[in-house]
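What follows is a pair of complexes built around chain A, which joins chain B in one and chain C in the other.
After this line comes the complex of A and B, so read on.
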């Protein structure tokens, strides 16, 4: 697909023509992002019956708009009540909440919205122009490289996203094992299915993800009566004039928004490294380069800008590995992948050859979604603080009742609802004991894909296992994989050693 | 309870997933045992990887137990004690809904599940729980069955509506 003004304007024009589905998705996404524990992937899961029923382009537009909006919404409770609506907004609490306590909630919200919208817009435009180059990556990735890339993605999730790397690896490997369930690729004989006919095609992905994310979330959220502790609310009413003034003032931080959003885009493109990591890295880098680092943590505007623009930069970045090589960059991308698989959409180079309009269009939709969010900023600054106090005794039963419908829809088996509940139990235990549910899900998704690529490589090489080390790109990736696994424990040991040394060196002269 | 026991981290719950994963890996290997070697290879490699990781984790736990850093308690696995009963009932209601849905159909199952869950979780007065559940059930029916045409099992409500429309 050639890039010229006509093509780009055509993509944007087509994206704008879907405004009627984007606006409701943006509204749902803003609310979903602002309710803690109700992130984009959970909302998309709840709305699976809708997205599975729509045609693929509309379904993707709906999911993408909702996803972008949820990243914007996640900053609202982080600023107002010190509780991040999404993981990506965790770093926003560091300066956003102190601003609220200092009576600058309106300013903090305006900074958050402008950083989110501009950050997301910039990163999606950069991605749109880089995509022709990125789409060719798939030509260099063959079955051997695919195996390593997928293992690398899992290792990244284990080492970065999970607090305990060994637990993250166990979760990922458990997911791979569950993903290998079902008939084998050569002889079509069932493996590890417990004798259930409904599992002969493997673990059904939609029920697995509904269980791991939505059912387990519902079970965990019932431990508290409300999502947000009552009594911690923002003070004061805001005028339209005041909110508009703060929104326009926030644009003066444009340079910080540009570089932190591109940082978010780069981090988002790494499989497994999601918005939460990007926002903390951006916060830390902003502090490092700031002329006033001592103000960070006390309610500094730059401390709100950095994480918000970075976590919205992630939204496009996370789609890059999904589109280019078919490996989801995070939880929401994994959910989108499942919906696209349901619609029979190919990934990697085939996507760019067979359906370029869809591949490039999705990034244009992201950019247009951010443009459409601009008018929402002003009323949101005024009204959004009121939605965070919701009783879980209403929320959890609704989540369970309506997500189980989503588990039933793809295949029409009641059995799949049982699978969702079983995965819900696994997800609940995983959440309560520090195993990463995203690692399990990515394992379940990648299990069959890794196996297929592995068997293909083995067949081509005449069953020579050394084929796994026969390509330069593959070998570079193996080294990176080993470094990803080896460095964190080594650095942890070094830190522990330094900590042990520090008191001694202090104690020495005094003693 | 000694001071050492009180300070140790409970890891009993942390062992549930690795042990289940290891058992599943063993079952998986057993299920492919009679297959041709080519069909066994990938599964056995995955199972080997998982068992290796679980073994490393178990060694870490055993060392922690021996040194007194860990204990075999279940920690916060079941959440706050005061809401455990309600949450257990909620989970049982979830299972009951799965059993009942082929007979009651989507709308009645959703209504019964929502109403009983609200009541079990402490929503009072009862009529409010029933009212919200009824609205939830009807909205669900309208959205998922009437608008989106999901082929859910039909129960008395769906059959009645079909006969009326």
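After this line comes the complex of A and C, so read on.
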């Protein structure tokens, strides 16, 4: 397909003409993303009878818009009440919620929305023009390289552990141990399931998220009267002017949004990788490149920007393997493929040959969906921040009841509500004893993913551990990982040394 | 004689009436069956081949059954989770399992699952049957199965498979045994990642049901088919059978999609099961269903209205194969 102005404007014009189905899809997606347990994947499956009844173009438009909006919506509860609805939003809690506690909920929401919309828009446009190149990423990044990519995310445990190394590492190891539960990837042998069939798939992620973050947070909340710290600047009412000011100010982080969204796009284009990996890696890399790494975890704007723009960069990346090769890279794309098959539409390279308007149109719809979300940002920033002034006496029980339903939704198991409560207790004890729940969660989320890639790589090599250093890309990633881990403490020592030297040199002439 | 006939006829009618008496309440009760949507358990993930096939058939089946279908997916532990949850569901003919007989019978045979086919669960009606295939990505250096086997005699050749307990895995192990080639099976846990590994070159080749490489079109090249003859030569570049290409004498390795019910449903609600079978068979010959299968990119030649007897015979044969290759498939 030729990329001239007429073609591109035609694609976008056609995408805009479907506004009437995109707007309801965006609204459903925002709600689904904000409600823990639903997310895009479950909602798209629930709505499959509707999308199968629509023509294929409208069906895809509806699903794609809903999918994009749900990634934006996922940041809302993560910021306001410390509840990440999906693994992709878990990293957002690290700085988003501290901002809310510091009375900066409006600012955090504005950062989240701008990062999501701009990140998604940039990655959609990049995908539109670089699809053939992106489709090749999967040919170079295999299980070995995936292990190293995920280790970047796991390295975040070390950063979190920096304040109390022993407790941080114990929390991370505990998370990894929980993540190792379930049937093994090769022989499907159950491990640590205690005979519970519901644990054969491993620890269910959403109930674990809900327990560790939401329920434990609700218990902590009850010890305070309001969500926001006493003496902070938060007020119940925010004017339109203030909302707009925060939204526009968030655009000043444009460079970080650009590179973290492209990082998300590349990780999303890898088969089997997803928003969880992208957001943790983006957060970890932002921390590494930041001039103020010590502020991460205390309510730093960059800590909200990184995961949100990365997990929205993933949205278009996820569709790349499906569109370019014909194999879905993730579960949401797999459901979209069912719709294509149901309508007899070919996918993979044949889609571009036989129906190029549909193939490129899907990506244009993503870009237009993000553009259409812009007007939603202002009222959401203005009104959603009001949740922070609700008394915790009402908020905490509401969170517990609401999220327990969310724990039940993805699989429909009552057992999962028990898992959420158990993780809630673990999370509460961890908070009260100074163990970081995020470190536990990183282990739970990334542990099984790393294990799978590691076992695949080992089995392919005939159990030769040197396979981990057998590829050029993998070795480059190893070097980068080592630098990422080694440089910050070295630089910190250097800064400390310089600080010690500076007074001496000043003192010298006076002495 | 006339009287005998009359009397015999009367006696027969009376006997029939007596015989059917106990089932009258059940018939009256079944007049409205199914009075709710049919709940279908799929022991694999959403978006996979089973999901694709289940949606194609239920779309047309609704016309005959006058009910829609609702799906639940339980892919855990190679399908064990799905089977065990299905056995706990209501046994009244409103809950069905959409199975893939080959891999799932092997899983039931090899894993510690408290379900016995025939005693606890019965496959009542097949919907499709397809052979297993060896294939490579479009960029692979292997043009023929013979080349792949020759290389596998020099070094272990990596083969992506959906899971170890699978007829395709058994096929590769049997081929290795027969030719002296060494195949290293890599289970990716689902058809989509398995296919992706072959296309992107992470592994040398892949072994999956034949519909998978066919739906991938030009991205895949079929090297051999575990069947007595290639059922779809036009759609596989006239690929040879494995026995033709390798000079072996391996049995045909197929897998069928089939609906299953708990065994107790057959005993307690035989009319319901008959209605299910009858309407499925009507669906399988419906031109709309044939069109839906073709639209999904699956060859219509794979449609197979095999009855309960055929389905259970396939399950028994598959269980026998699983027992034969138990050690290799379980790593014991």
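Assume the second predicted complex is superposed on the first by the 279 of 511 C-alpha atoms of A that agree within 3 Å, B and C clash if a C-alpha of one lies under 4 Å from a C-alpha of the other, contacts with A are read in each partner's own complex, and residues count from 1 in each chain.
We adopt the following convention: a residue touches a chain if its C-beta (ideal position, glycine included) is under 8 Å from a C-beta of that chain, and two chains touch if they have at least 3 such contacts.
These numbers come from a predicted model, not from an experiment.
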Touching partner for A:487 - first (chain B), second (chain C), both, neither: neither
First (chain B), second (chain C), both or neither touched by A:169: first
Touch count on chain A, higher of chain B and chain C: B
Which of chain B and chain C A:338 touches, first, second, both or neither: second
Which of chain B and chain C A:479 touches, first, second, both or neither: neither
Partner chain in contact with A:49 - chain B first, chain C second, else both or neither: both
First (chain B), second (chain C), both or neither touched by A:429: first
Contacts of A:186 with chain B and chain C, given as first, second, both or neither: both
Touched partner set for A:405, first chain B, second chain C, both or neither: first
Shared contact residues on chain A - chain B and chain C: 49, 186-187, 190, 412
Touch list for chain C against partner chain A, complex: 45-48, 51-52, 55-56, 59, 68, 72, 75-78, 80-81, 84-85, 107, 111, 156, 158, 163-165, 184, 186-189, 192-193, 195-197, 199-203, 215-219, 292, 294-297, 330-331
Chain A residues touching chain C - in the complex, by the definition given at the top: 45, 49, 52, 138-139, 142-143, 182-183, 185-188, 190, 197, 200-201, 271-272, 321, 325-329, 331, 333-335, 337-338, 341-344, 346, 348-350, 412, 452, 456, 459-460, 462
Residues on chain A engaged by chain B in the complex (per definition of touch): 49-50, 53, 166-167, 169-171, 173-174, 176-178, 180-181, 184, 186-187, 189-193, 215, 219-220, 222-223, 393-394, 396-398, 400-402, 404-405, 408-409, 412, 414, 417-418, 421, 426, 429-430, 432-435, 447, 451, 454-455, 458, 463
Chain B residues touching chain A - in the complex, by the definition given at the top: 13-14, 16-18, 20-21, 24-25, 27-28, 31-32, 35-36, 38-39, 41-43, 46-47, 49-50, 53-54, 56-57, 60, 76-77, 79-80, 83, 86-87, 90-91, 94-95, 97-98, 101-102, 106, 110, 113-114, 117-118, 121-123, 132, 136, 140, 143-144, 148-153
